[in-house]
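Next come two complexes built around chain A: one with chain B, the other with chain C.
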Partner chain A sequence: MSAGAAKLIALTAVWALLAAAPFWAPLVGGYTALGARVLVLALAAMSVNFLLGFAGVLSFGHAAYFGLGAYGAGFALKFLAPSTPLSLLCGTLLGGIAGALLGLLIVRRRGVYFAMVTIAFGQVLYYIAFQWSSLTGGDDGLRGFARQPLDLGFAKIDILGDETAFYYFVLLCFALVVAVMGFILRSPFGRAMIAIRENERRARFLGLAVERHIWIAFTLSCFFAGFAGALYALVNNFADPRGLHYSQSGDFVMMAVMGGMRNFWGPLLGAAVFVVVQDYLSSVTVNWMSFIGLLFVLVVLFFPRGLLGFIRRRAPA
Partner chain B sequence: MALLGETGRLDRRTMLKGAAALGGVALASPAIISARGETPVKIGMVDPLTGAYAANAQNEVTGAKLAVSQLNAKGGILGRPIELLVEDSANDVGTGVQKARKLTERDEVSFLIGDVNSAVAQAIAQVSNEKKILHIVSGGHTDTITGKDCKWNVYRVCNTTTMEANSICSTLFEKYGKKWYFITPDYAYGHTLQAAAEADLKKLGGTTSGAELTPLGTTDFSAFLIKARAANPDVILVLVQGSDMVNCLKQITQFGLNTQVHVAGLQQELEALEGMPPEARIGVWMFEWYWKQPGVSGVDQFVADIRKVNNGKVPTARHWFGYTSVQTIVGVANQQKTLDSLKLAKALGNFELPPEVRLQPNKCYYREGDHQLMTSAFIGEAQAEGKDDPEDLFRVDKVIAGDKDAPPVDETGCKLQWPA
Partner chain C sequence: MSQAEAAFGAGGKKSPAPILKVDSVSKRFGSLVAVRDVSLAVDRGELRAIIGPNGAGKTTFFNLLSGFFPPTSGRIAFEGRDVTTISAHRRVRLGMARTFQITEIFPELSVQDNLRIGAEIAAGYALRAWINRAERTAVQRRVDELLDLAGLAAKAKRLVGELAHGDQRVVEIATALTLQPRLLLLDEPTAGMGDQETYAMTKLIRQLHRRGDLAIILIEHDMRVVFHLADMVSVLDQGKLLAEGAPAAIAANAAVQAAYLGEAA
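Now for the complex of A and B:
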């Protein structure tokens, strides 16, 4: 079996598994809303991985753009118009534009300083969301909005009451964003990102505008994070400042690393493990985070390429 | 990869992997239990078992569990056993919403109880309303839950922040003076409690010297306390709760602030008083329920029952909240002989708690107009040491009936929208 065919089979299997989730999830103790959450958080983790895995810079403040995306969607539904697509657009723009502006300052640093500056800006945005109670609801969160049925002109799809319909809506959004992400990574720009990751100095000597490339990559990644945040607001019909907190960024990084960074599909696996373990264990014990931590340590120690990297290595090429 | 090992036989590694996979599957889905008699009726409970309100939340759960076991022994709900499913909201609104969705979507609970945290309670009320299930807010006090955000399916056991303020502000004013400074938790509960106290203070002719908004989970209050002292008020009112209350009062006594200015507050709880050193147990406060009520029927029995399941410790207001929440749902369901949330929500308007549940001298009923329980306020003073019992840390001076300190329904801002 050629490598190409194996890849095709693996891809088909992933999509088939995702598409059939509402049917098999209840059989193993899951539920449809959990599936939607896995997809949304996977998207956020993939946006972190887009930077970390392919441009080689670690953002520890991506939750800020995720959280802004959630607020953007909430504001649109609450104050602008009751339209789900509009809310997604507003959330993506809010997260992405904030990322583009702050990115101008952030990309001047590398390595641990880059991570520190992203945390710092993330926390600034977190405290703004926390303190600006009149607009964001402060610590109480933003309530009083709900996702709206999709009006396709010829038919109306009720994604509010029908969980399964909503899951497919999220899956469709996920597929679109993943396609865009994959397309960018295959483009010359994506190759340039990888070149920078592998050897920044060499890329610079070859004439690549490294700062500008990293800025574009950061901005794109913030747009993806903002989109994921907007979807998350629709999952819960709720947005709160903790979505911007650096501990949330830590969760995204953990999902990406646990699943396998540098690997396109790794964060999806990482997010699935994280969300399912959290959902299950947090009902059993209040110390569920210790188990996630233990799992993370084990993965880093024994499968440095993440869970997916481990599976790939074991499978015959 | 071949299903069998490379040799084509079932080798040790494959066996181990299979066993691990089986174990994983068993973990991933709770083993299916075949029906034993009647299928249980599920009640979901969301409470912050971790974080600043952990002690209060754990006690609410203990109280609710006691009610469940007592009621199950008496035939349960419509002859079916009651099953209580508890989820930790971790004092975080997002997690609370997620857990409420899990309980309603996966576990398909018939009723919902919770949360201690007002902000979480408000947010999960939106979920229960969306799912159209009867929801009892056990211990989140902010006005809006039975005020301008009130919902047809939501009833509340604990006091509103306005009821709390109305019950005690005149006492505080007479005893301590007219310049007040607030240490307020920065979320729904603190905002509405301070607003209610300020409204009462204005009516009484006093002034606010200042207020500090402190994030939930603050451990170091020194900066806030220095500012409070500098404003030179007559009294510093501590509105923070849970472990924040413990830390704040501890630091007040460590700085000796209580020797320079009066320190008191509105709502106080036994969990917090037990958590602090004796010298920090100062000031006049209101309790929402107290375990020492001589001559009130049923209280001694309740104290004895809780002691059995609570490591010998007495019940707090939180035990009573959890207990009453379950008793309310089961009581009204058995009375109406239905599990239909809409019918039960209708029937709960003016539903009166029987004496063995209300455990207080005054009549205790849910008000029809805003779904708020008219429950008493116990006004008194914190005690450094218990007189007869180490847990007798509060001296009750007077008990005020709920309908005496609750504002009339049209002032709460509540307009109930019933589904068609």
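Now for the complex of A and C:
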């Protein structure tokens, strides 16, 4: 019961910190938009970790669905209608459906082969986005759209000009998706995912249709990544082919592993460290990635369960 | 399906139709014939032991029965239904469960979570994101039942990976039982066990067998276990079925003795 209480306190603290970010972030040299970036990239890293940490399936190409989500949101705002919810929906659908289709082809692959095919597919999309300038803006990225005020019927919320209002919008989106993920992982479906991670052969010989299960988990994870990508387009008012690139996928995996992939909240911590270190260092040196790389190596060597795994082990009770 | 019925005699519903009927099954790996033209019928509720020297093809034969891979030729029918080309997880759902020579469990989960996952899959909840209170209670009841049956109640909350080898083997059998199979395949259930654990395992298998309608096929090297448990013994040697019969007859069989002595020499 005390372990449950400790968990509840930790959870409350996390949400309180996130909710109060616009107030404390400037005091420590941060800014609200940085907070929104952390949340969005954390969501993407959590979508990777949904698969990696709980089904044991490594996708090294989740940037593909993240990037598609961003383009989907951009296209919707630019060509369909000036609506923020619609853009999120379109981005999520584009990323998720692409993932569902690719998933059908690759669920029988495992381990390195699975990772390789996901990378390859992501790179195909990257080059398409890069080359198809007339639609995507090519290397310059997709511009000419902006997130729209939220129309609640009785009130309009300006999330374009008001950074704090936008942060809370992102936090709300983050909370909703994270709640869905948590709900799924606690369900029989989630336990069967963990069964696959723990021992695929045993799961199969308990009568589980392993391939179908991985396909559904992969598809869900791509919907989450697509949603994160769509939010990212709203953060930047911009979609970029680099959002599809495998190095972006690598960043997501790094955030998940650095934060602790066996832990639901690990990727959030990983993303926070990653984004903050990147933000501070990139104003000092162009070689900021070497420092992140070094940090990553140190974490993997000394805290194999990630930063959060380390904290949890040190914490009493 | 109709072909299978013709081949395996669907008419015999009332007569003791075998629960498992294997019809001249072979498995070839390149030039190696691991299982050669083996036929066998196991009755409902029978306890059959498969013995044979190392490399006789026993585990390969199990892999064919459980759908780990398909046979090169021949047919397998379970409860009158041709399952030769049916995938492993669907065979399990039809009522054929198995354990492995090297224990296959979920080591980082507790004993009760191992069983819960099995019970939820068996109940068809694996794709559900939500189960209601009644369903959850039913799953828990099934888990408790199996914990009692396997004598694991005191260890329910322990991580399986931390248990002694013998207990891990018992957990694997208990998870296989979550599906309420009518045929249980046990691949060397007492492998790597000391005398005491072997005795306890033998007792458990006998108890499972007596409980009801469960047919068990086990691969076993320990002849004490075989002669203590088995109704019938099949002997494999170099992929072929060398002999089949009651334990006493097998013990007296000259060809069987030669196969074992040949291995020893």
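We take it that the second predicted complex is superposed on the first by the 316 of 317 C-alpha atoms of A that agree within 3 Å, B and C clash if a C-alpha of one lies under 4 Å from a C-alpha of the other, contacts with A are read in each partner's own complex, and residues count from 1 in each chain.
Please note the rule applied: a residue touches a chain if its C-beta (ideal position, glycine included) is under 8 Å from a C-beta of that chain, and two chains touch if they have at least 3 such contacts.
Being a predicted model, the structure only gives us computed values, none of them experimental.
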Exercise for the section: Determine, under the contact definition given at the top, whether A:R201 touches first (chain B), second (chain C), both, or neither. Expected result: second
Exercise for the section: Look at A:G153 in the shared chain and tell me whether it touches chain B only, chain C only, both, or neither; answer first, second, both or neither. Expected result: neither
Practice task
May I ask you to decide whether A:R143 touches chain B, chain C, both, or neither, giving the answer as first, second, both or neither?
Solution key: first
Completion exercise
Partner touching more residues of chain A, chain B vs chain C, is chain B
Exercise for the section: State whether A:G4 touches chain B only (first), chain C only (second), both chains, or neither. Expected result: neither
Problem - First, second, both or neither for A:G243, with chain B first and chain C second - result: first
Problem - First (chain B), second (chain C), both or neither touched by A:P188 - result: second
Problem - Residues of chain A that lie at the interface with chain B and also at the interface with chain C - result: none
Problem - chain B partner contacts - residues on chain A that touch it in the complex - result: 27-34, 37, 130, 133, 138-141, 143-144, 146, 163, 236-238, 240, 242-243, 276, 279-280, 282-283, 286, 314-316
Handout entry: Of all residues in chain A, those that touch chain C in their complex
Key = 183-184, 187-192, 194-195, 198-199, 201-210, 213, 216
Fill in the blank from the handout: Listed in rising order, the residues of chain B that touch chain A in the complex are 1, 25, 27-30, 49-50, 85, 87-88, 90, 92-94, 97-99, 101-102, 105-106, 118-119, 122-123, 126, 130, 186-188, 191, 215-216
Practice task
Using the touch rule from the top, collect the residues of chain C that touch chain A in their complex.
Solution key: 66, 88-90, 92-93, 97-98, 100, 104-109, 113, 116-118, 120-122, 125-131, 172, 175-176, 178-179
